[in-house]
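Two complexes are shown next, each including chain A; its partner changes from chain B in the first to chain C in the second.
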Partner chain A sequence: MKQKSGEKDYFERFTRWKMIIIFLVLALMLTITFAVTIGPKPIPPLDAWRIIVKNIPFIGNLVGDGSSGVEYSINQLIILQIRLPRIIAATIVGAALAVAGVVLQGLLRNPMADPYVIGISAGAALGASIVIGLGIGFSFLGIDAIQLMAFIGGLITVFVVYNIARTGPRVPMLTVLLAGIAITSFLSAIISFIMITLGESLHALLFWLFGSFTLSSWDNMTVTMPVIIIGLIVIIIFARQLNIMLLGEDQAQQLGVDIEKLKKIMLIVASLITAAAVSISGIIGFIGLIIPHIARILVGPDHRILVPSSALAGAIILVLCDTAARTIMEPVELPVGVLTAFFGVPFFLYLLRKKKSLVISG
Partner chain B sequence: MKQKIVAIAVILIIIAGITGVAIWQSLPHEPSPPIPFVILLRGNVTTTDYSPEKIVSISPGATEILFALGLGEKVVGVDTYSDYPEETENITKVGSFSNPNIEKIAELNPDLILATGGVQRSFVDKLEELGWGVAARNYEEGVSSILSNIILVGNFTGQEEVAETLVNDMNKRIKEITDKTQNLTIEERPRVYIEYYFSAKGYRSFGSTSLVNELIYMAGGNNVFADSPIQHPTTSDEQVMKADPEVIFISKGAMAESCGLTPDLIRGREGWDGISAVKNNKIFEIEESSLTRPGPRIVDALETLAEYIHPELFS
Partner chain C sequence: MVKLNINGVDCFYGSIKVLEKIVFSVEGGEFVGVLGPNGSGKTTLLKTIGRILKPQVGTILLDDIDVYVMKAIEMAKKVAVVPQDTSVTFDFTALDLVLMGRNPHIGLFETETKEDLAIAKKAMELTNIWHLADRKVSELSGGERQRVIIARALAQEPKVLLLDEPTSHLDINYQIEIMDLLRELCKKKKLIILAVFHDFNLAARYCDSAILLNEGRIISIGPIDTILTDENIEKAFRISAIVKRHPITNSLYVVPLCTSELKSVQPRGLKVHIICGGGTGASLMRILLEHGYKISAGVLNVLDTDYDVACTLGIPVISEAPFSSITEEAHKANLNKIDNANVVILTDAPFGRGNLRNLGAAIMALEKGVTTIAVEEKPIQERDFTNGYAQASYMELRERGAIFVESYDQILPILEELEDKLGFMSKVQAGEKNEKPQNNL
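== the complex of A and B ==
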């Protein structure tokens, strides 16, 4: 690398980062405005946006009434209660999974890691299958039983995995990984058993396991959305320390980072946002594994830029995939997980060929 | 260290306990969870004095009820599994049974929606959020629930009389059969095996909680898998041979077609030539959609079963 004065280097890098973030934010905005105009019912883009703007406090009054009557109220229902909630849900779930993937790949120093590797998905799936198996139906603060039990199931599993791996004050990450894989297999066996006994509600469980935003509503995001947003902010704050982690635990220790505390906080936060995301959408694969790699290839390994750009890229890709999922085979919807892999993997392989190296550390 | 081990052990025991209870509960000893028939109306109407102009059905059984009540003209949307009667072909599809398309339903803006619980429960919740209200839920099970569903649909569509006539007719046809079969002893009931699908994993049949199990009993037969707590048990050569069915039915429909299930295939299975039904050539086909779909054609299925199981009683 060329030797430059540190200050100038930093300034250049900062400007580049700013450009990347601005670009990605604009791309996300564009994706959302595009996605909201697409669906089974053709609604002219102008009408769609007018409906949204009209419902923003203060600004809304500046926009004149477009049309009125039944047609307008149906459009309003579709835009505000069906399309927008699922687009926003896809945005926050995409961001959460991608960032949790970045954190876990960094902590475990393993490019194969994803947010589910330490058992969250299996725990959440078990929670959901118990609820579906028992036919429990309640909702609390807009969260239904499946959501709640998926969230709790995911967190309990991570807690167990973490404590199994812990030896004294230290938590060897390799043991976390192995324990996670072992517990995942164990829970999967239980889930398979429940599935056999389910009868007609098997469909409901399969539907949940595939992952979908079909049923997203504002109500079931009232708790999970703040959890994810706060979690993302915490991870961005710790981005510098995550960089030091990449040097290896021993070196990080020497540099004065409380490595065990950092690991603990990051594991907790990554688990929280993953569990929250899973409780909204079910299990959506690929985003948490591949988006961090795509972002790493495009913006480099520094977590200060990697974390926010992964969040934005994850959001953009998941919104696009969900839009495709609900439109290409209309009126039948595809599971969004099918599309994340179908579109994402070729793009990832292209980048991989071009860069020829998978930058995981340094 | 010791404390930690204890803590982990406690957690594992709790998890094992919860899953144990869950597994035990999820075994359907009694039909659980209840899968109700659901009627939704736009707005929060609860009165039965209501005559909808636009109806959407996301359940094939409900679709058949609507057409049987002469409401076909008003049906503006159905799920992709609703394929009977033929007129459904030209009706707008609103997604599949297990994944209905909410936006498509909202676009059609129906006055009345027919749905089920179970897999559709969360979709019903979503529809409620969007301004349709649940006017009625029917938690009954089995054949009698189909009759009460027909009455319910009649009540909410201004077709009370048509519904009553239909139900009376169905009841009469059912009674003609059960009058002759209800007093049969277990020895007088031929052992019946119905297969609707097979794969490398085994043969799929019907267990105790299925509608088909009840139909076999009503028709004077004895389902060889009546003891299975699982709704659609997977069976094997050994189990079928041990049960030695005297009458075998295979369902005729999409499921059977997809795996190539035919009477000849049954006859050709290795070792099955020792089974009574195969020896006596008592292998019959029965329309899948009438057999498994909770709609008016269930009586057709019952009559077919009865005629083949007891040719001496019904001819």
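== the complex of A and C ==
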């Protein structure tokens, strides 16, 4: 039995948490650098960063012009218009899915939960398939029809699931889970039906369903990026209360947590960021299920560190997967969802074996 | 001072009424036990007060404010709950869990301060678990976990503590330690403590007053000494029990005897007279009674343990004044009882000049042809205080054909055999024939 001074240890942990965050931020920077430079036309890392920093408002002026000329312009175009939007999209989508996974696993106290379990993916997919099936094409505030309908479809589904599960002022989370699974099956049937009737556009829908960043641009992130960033901040604010929720609803309430309010806020925020993520990239699996577990194994169950480190880890993994998706079979591009599963699952299983038990909650 | 008023509360699970017309009030500094059989509504009562199960009728007022109107965080500053089931399987450390008790005192945008940590540490030191601070809760034993949860409740710095069997997983030493601590806090900080107990003796020792529940209603409420009576216990639990004041702790203690159902077991024909003394006959009397035999006893001195037991169990007993020798009169009455009996059992009581006549009575029984069983768990040499007279009487018993057995366990089979031999109708069901585990009183 070790007998340490828990007092000192306790505050040391905050320092340790800061170190973890700094480490992960650096790792993310490195990953982005790597991702920016790799591609059909390799770009030296220093040039890449010069171009990126130069284009950040205010700070940009502090950087020397460096090389200019045709080469520089081409690189600038590739980075700013092709690679960077896609990398930033992967970053925020990865962070959003991982954090939504953490929140739902915590709220449902179920290690099998992921951001899609309450029906968002099926609703979003239905929205997308309707647009693709009917061949609608419009654009609003830089958001195209598929994106908009996916976002709306996801949110409507969660709204329906939530209201099916609600009894009076209370929302039993087990009912949310079951209703989510049922609605998902139902919507999947409709999507399958639409897929059969689709002719040539089937490929477009399939690619969307597997998840892809091919179509990412700055424009389609103007609304979704702020939604995700604000969502992540809200979740971090409630992190301590999420810890207490793990004790079960009765005990959480008796420790002063307004459980119904917390559940409502967390469900809304998790749904918003998931719907936003899905609207950018389509349905990317495994990130929202596996990253929370990996992070939990590495940093522990406390949401105050679990949420930010999941966000950063999700971002890193998804950027790496997307880079692999667009480069390993060049010029053919793979759906990123295929790679997240292909690399994510073995790594997860390795950690699982090493740790033996996968404990999340009561 | 904090005040808790429960005003005519009715509670339902679905359509099943689990609490009915609950009315009582408690003030700071009072330690109240909630007693009652399983399913009587004890836990439900705590849940209702703890703002988990809203009553359909009635109100629960904490300092004149309805707890169901209060915000969760306001409530948690005043009321802490230690639930019955404290199993947790996640990876938080004991200190993490205790610090969660500080939640009501920490704002949304704040984190724990040094002061919060100091309060958590104090609570853990009081419950003797500070050395477990860095251990994962999932790896602690049931008792350690229970003390962590109690520490968490203390870290809340509540005015009211609701405890559902707070010591059920604890070893006896920790039971006493935790209860002493709770009682001290109750008195010093003027807390209201409302605790569910299964153990009457623990309740008797620590509670000021008690609420006795049965089938969702209060059947008795008041100072603990007025609640713990044999009638109340029989009413609520349907067992007979003896309630006595313990000479050392000066609190009441309860000894359950047998269930009322057993009392009405099929009576048997065999009449048994027991010659005992000094407590050697007490458990035998209870067991025989439970098995439906008709019993008498004698001669016993008033104040003898066996005399008390016989009176409590309602067994006819031939008695003699305290600390005096058996008189001719009592002896004759005893012989009369023996005449009426089919069997005489002689326990391994100590014999002195005063009760030597009881051995004579046993010999008389054999002379009259009454079957006599002598128990010798302890040999007569060790309990003969008559310079050999008693040993001589035992020799005579042996010669005259008394059945000697070495343990009390052997008595029941012999009695059953006799019952069959004497041709009594044995209506006892097969199940009853299985010997009950014998608790020696």
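What we mean here is this: the second predicted complex is superposed on the first by the 338 of 362 C-alpha atoms of A that agree within 3 Å, B and C clash if a C-alpha of one lies under 4 Å from a C-alpha of the other, contacts with A are read in each partner's own complex, and residues count from 1 in each chain.
Please note the rule applied: a contact is a pair of C-beta atoms (placed from the backbone, for glycine too) under 8 Å apart; a residue touches a chain by one contact, two chains touch by 3 or more.
It should be emphasised that the depicted structure is a prediction, and the values quoted were computed from it without experimental measurement.
*Asks:* Clash or fit: chain B and chain C on chain A?
*Replies:* fit
*Asks:* Can A:Leu134 be said to touch chain B (first), chain C (second), both, or neither?
*Replies:* After superposing on A, A:Leu134 lies in contact with chain B but is clear of chain C.
*Asks:* If you count the residues of chain A that each partner touches, which comes out higher, chain B or chain C?
*Replies:* It is B that touches the greater number of chain A residues.
*Asks:* Counting only touches as set out at the top, which of chain B and chain C does A:Ile259 meet: first, second, both, neither?
*Replies:* second
*Asks:* In the superposed arrangement, does A:Tyr10 touch chain B (first), chain C (second), both or neither?
*Replies:* Touch status of A:Tyr10: second partner only.
*Asks:* Quick one: classify A:Asp47 as touching chain B (first), chain C (second), both or neither.
*Replies:* Touch partners of A:Asp47: none, neither chain B nor chain C.
*Asks:* Touching A:Arg240, do we find chain B (first), chain C (second), both, or neither?
*Replies:* second
*Asks:* Between the C-alpha centres of chain B and chain C, what angle is subtended at chain A's, in steps of 10°?
*Replies:* Nearest-10 rounding gives 130 degrees.
*Asks:* Let me test your reading of the model: by the given contact rule, A:Gln251 touches which partner, first (chain B), second (chain C), both or neither?
*Replies:* Only chain C is touched by A:Gln251; chain B is not.
*Asks:* I want to verify one number: the closest Cα approach of chain B to chain C after the superposition, in Å.
*Replies:* After superposing on chain A, chain B and chain C come no closer than 16 Å at C-alpha.
*Asks:* Please name which positions on chain A make contact with chain B in the complex.
*Replies:* Where chain A meets chain B, its residues are 39-41, 70, 74, 77-78, 81-83, 126, 129-130, 133-135, 137, 144, 146, 156, 159-160, 163-164, 166, 168, 190, 193-194, 196-201, 203-204, 206-207, 212, 214-215, 217, 219, 326, 330-333.
*Asks:* Which positions of chain C touch chain A when the two form their complex?
*Replies:* Residues of chain C touching chain A: 47, 50-52, 71-73, 75-77, 79-81, 83, 87-93, 95-96, 99-101, 103-104, 106, 108-109, 111-112, 114, 117, 121, 130-135, 138, 152, 156.
*Asks:* Under the stated contact criterion, what part of chain B meets chain A in this complex?
*Replies:* Residues in contact with chain A: 1, 4, 7-8, 11-12, 15, 18-19, 22-23, 25-28, 32-35, 80, 92-96, 98-99, 101-104, 106-107, 109, 118-119, 121-123, 125-126, 129-131, 209, 229-232.
*Asks:* Quick one: in the complex, what on chain A touches chain C?
*Replies:* These residues of chain A touch chain C: 1-4, 6-7, 9-11, 14, 237-238, 240-241, 243-244, 246-247, 250-251, 253-259, 296, 300-302, 304, 359-362.
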